[in-house]
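In the two complexes that follow, subunit A is the common piece, with subunit B as its partner first and subunit C second.
Let's turn to the complex of A and B:
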């Protein structure tokens, strides 16, 4: 998965997820997702499943730590690292 | 056999099959099992019962053991709160989850069960009475030392309240003294190793007027997860009385410069917003207790003439309320091992090695599970909520002691995760 594609799909996914609770929010590659509580743990897990499905690769369990989910950029790095 | 009160039935000259040191749930369960199969069992404890102890929440499997002992009517008569699950209030308001007590029925189907929260002074007396009713003899005395003969433990030296000290001979000495770790202090076992959570301290007390509506059922445990290594328990003990404990690194307490009482009050306000709400009108009705360095593992915890069970050789972490269950389950394993060793003395080394291996394996699985919970909360959530829910439930329902436990995928995943994280973090 190309990094820009990954980033776009992550940002779109987060916008769609947060819409019911927060309405339309601006999400940039450097938006602090956890600090702003845009994502909780269960949603992070849903996002992981979504990324694994769309990219066709598994994210190693030891990468599933909060600091890898702080921003869309960090998440994109996680999924593209294996390329 | 009728109920034996006090030290009635105790003769100093007698040589016992087994002396059990410590009359907590593990010691009483062990005495109950061994006396029930016709062995001469003496339980020795320096405390006058009832006495205060911590460890108030039982797992589902532990509830099952009590039912097997026929104690359900007594549990009900004592009005111990019925626990249907554990509510975990996560670090953000959206990350809460509920772990119901579950068990497999005779068809292998998982279904809801209940267990109990207990007031330990009464609970421990109930189990000790069950052991006495099964034929065990109780002696209130302090175990002061160990008798040895040619490298084998052959009994203890006991001291009664009146100061009289005397020897008690036995074929086996069982250490069920919990964190007092009697046989370790007497250098009978191997060394004591500080555990993974040895730098934690718990402060705890009982309160009135705690809001229990946080969890689905009023008898449920609530775990407040503040941040890594900072959490609190709320366990209902009886109508209107709730046990609350705050756990954190020792350094947090030290740096606060506060007394345990003041520190407890501060933590109730700051550890977790839901805890602050639930205790806004709480009134403390006991002293504030403190317990540090609670995680440890003792090497070579069984050998010639002796065996340690439960907290007397290992304590992991109180987060999943496994303590009383581990003690009682190891009591059953020890009872089997002792029965075999009494019947066929030349097999002692082999059956004791089996006991140690089973205990180590189960404790190792739980250790990895607890480490995963603290170090990789997202992975734990993934396993518990999405991918391995039933296997995790099975671990909680006692499969941790089955020979098949290492075949479980979740056990392999958590084991690999811990090995990988050790290699990553040095």
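Let's turn to the complex of A and C:
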């Protein structure tokens, strides 16, 4: 999966997920997702399933740590690095 | 000086170098903890705090925060842990309800707190100007009936409930759990739940009564299964007490086996047998147990999960037999006990039952069985089977537990109705998959009308209620259906949007 495509789909997913709770929020590739607390623990798990579906690859358990979810860029690196 | 059993046991251990409170950034040995407690106690003493004064904790969970909590407890000050993630309006309502003498805060949060409250602040990380006093002085005599902790909960009228637990209440739970599970100073505890949850009484207070060590996870660490699992492995944790949702996260994908874990305890939500099986595989040497009790009573029943339970893949784990400290009854609406195998309200009498709701005597009185001051009508429904094992059915009022957080649907509806376009609101819980429960709101806005600002309702809720109460879906209605007597036909409203419903707490 191309990095830019991955990034776009991640940003769109986060916008759609946070909309009911936060309304229309600006999400950029460098938005500090954890500091802003845009996602709760269940949404993070949902995001992992979404990433696995769209990228067609499994994300190893040991990758599920905070530093890999700090920004959309970090999340995109998570699935593009695994190629 | 008279001390409660809780205070006596908290102060009993030797001031040695054994780790007492740990996190990824700070470790306090037993000796350092007692010194820190002494320091906090003398600072608060100098501020003129009296026994029974309340100290609100506007702090994230760190070893220093827990040291302050323990310093308050041993000095007869009442601890009120707050959820610093709550919206400002909610924090203000909670502070009004519990009227603390001080709000403890870290210097980095001082500005944020000052914007929402003008109560006196106690900045925990300022350097004190006087030398530290040793040993830890206890300034007040403390009895079992003295209040120790206030835990904030939701109330239907929009006014938060301040659940007051006494020293005796907490000690009765701690004493039971130590005996029932055979816990000792050699156990290593993991604290996942935040301090404003009753589960933390096990992690941070019971562990310190034992003189054991507890590892405190930061909130952000609890979001990521790999971080929790890494800690379980590295710290060789032996005891975990968490909501089923948290275990679901840990077992959602193949992971390490945890041979050191001896106790995997569940509470706060219905526990599916399928999840207990997964946890049993992850922790092959652990005793699994399902604990039950609302914050008002703490744990009053417990089911030790057996191999036979795990052979049956479907259904939920029962909530077990009453603990030896309390009596549990199934009662009718008048509070009269019912026969076995008959469904009714779960009612409790015993020493763990709360002292009451702070500054709300009528509300406290309504929650009791007639004539029994140490009783509580839980509002939960269940039944005893032939073997005396308690089974949980659910609630028949408007309160639901979402991810361990009690939400009153009536309160959600009340906030939504404040929107100028909304004439009436109905909230329901929607389930999808095994562990996602969210709120759906139905709004009556009249024919040929639209919500002028669709994001305003979620925004209003987000400002006043916990984040789990914010709806993930909103449906607008011209008119809500009514029944022949003119009352709102809730069932019809909910059924119209119901497609598949797998579980129904």
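Following the convention adopted for this analysis, the second predicted complex is superposed on the first by the 83 of 83 C-alpha atoms of A that agree within 3 Å, B and C clash if a C-alpha of one lies under 4 Å from a C-alpha of the other, contacts with A are read in each partner's own complex, and residues count from 1 in each chain.
Operating definition for what follows: a contact is a pair of C-beta atoms (placed from the backbone, for glycine too) under 8 Å apart; a residue touches a chain by one contact, two chains touch by 3 or more.
Remember, it's a predicted structure, so these values are computed and weren't measured experimentally.
Taken together through their common subunit A, the two structures put subunit B and subunit C in a clash. Of the two partner chains placed by the overlay, subunit B and subunit C both lie in contact with A:44. Judged by the touch definition given at the top, the superposed model places A:36 against neither subunit B nor subunit C.
Of the two partner chains, subunit B and subunit C are each touched by A:65. Within the superposed three-chain arrangement, the count of touched residues of subunit A is higher for C, of the candidates subunit B and subunit C.
When the shared chain is aligned, subunit C comes close enough to touch A:20, but subunit B does not. It is stretch 313-321 of subunit C, out of 115-123, 313-321 or 475-483, that runs into subunit B when the two complexes are superposed. 37, 40-42, 44-45, 61-62, 64-66, 69 are the residues of subunit A that lie in the contact sets of both subunit B and subunit C, per the superposition on chain A.
Those residues of subunit B lying in contact with subunit A across their complex are 90, 92, 94-95, 376-379, 381-382, 385-386, 413, 416-417, 420-421, 424.
On subunit C, the positions that touch subunit A within their shared complex are 85, 220-227, 229-230, 245-246, 249, 252-255, 403, 435-436, 455, 458-459, 462, 467-468, 470-474. Within the complex formed with subunit C, the residues of subunit A that make contact are 19-24, 34, 37, 39-42, 44-46, 61-66, 69.
Interface residues of subunit A, counted against subunit B in their complex, comprise 37, 40-45, 48-49, 60-62, 64-66, 69.
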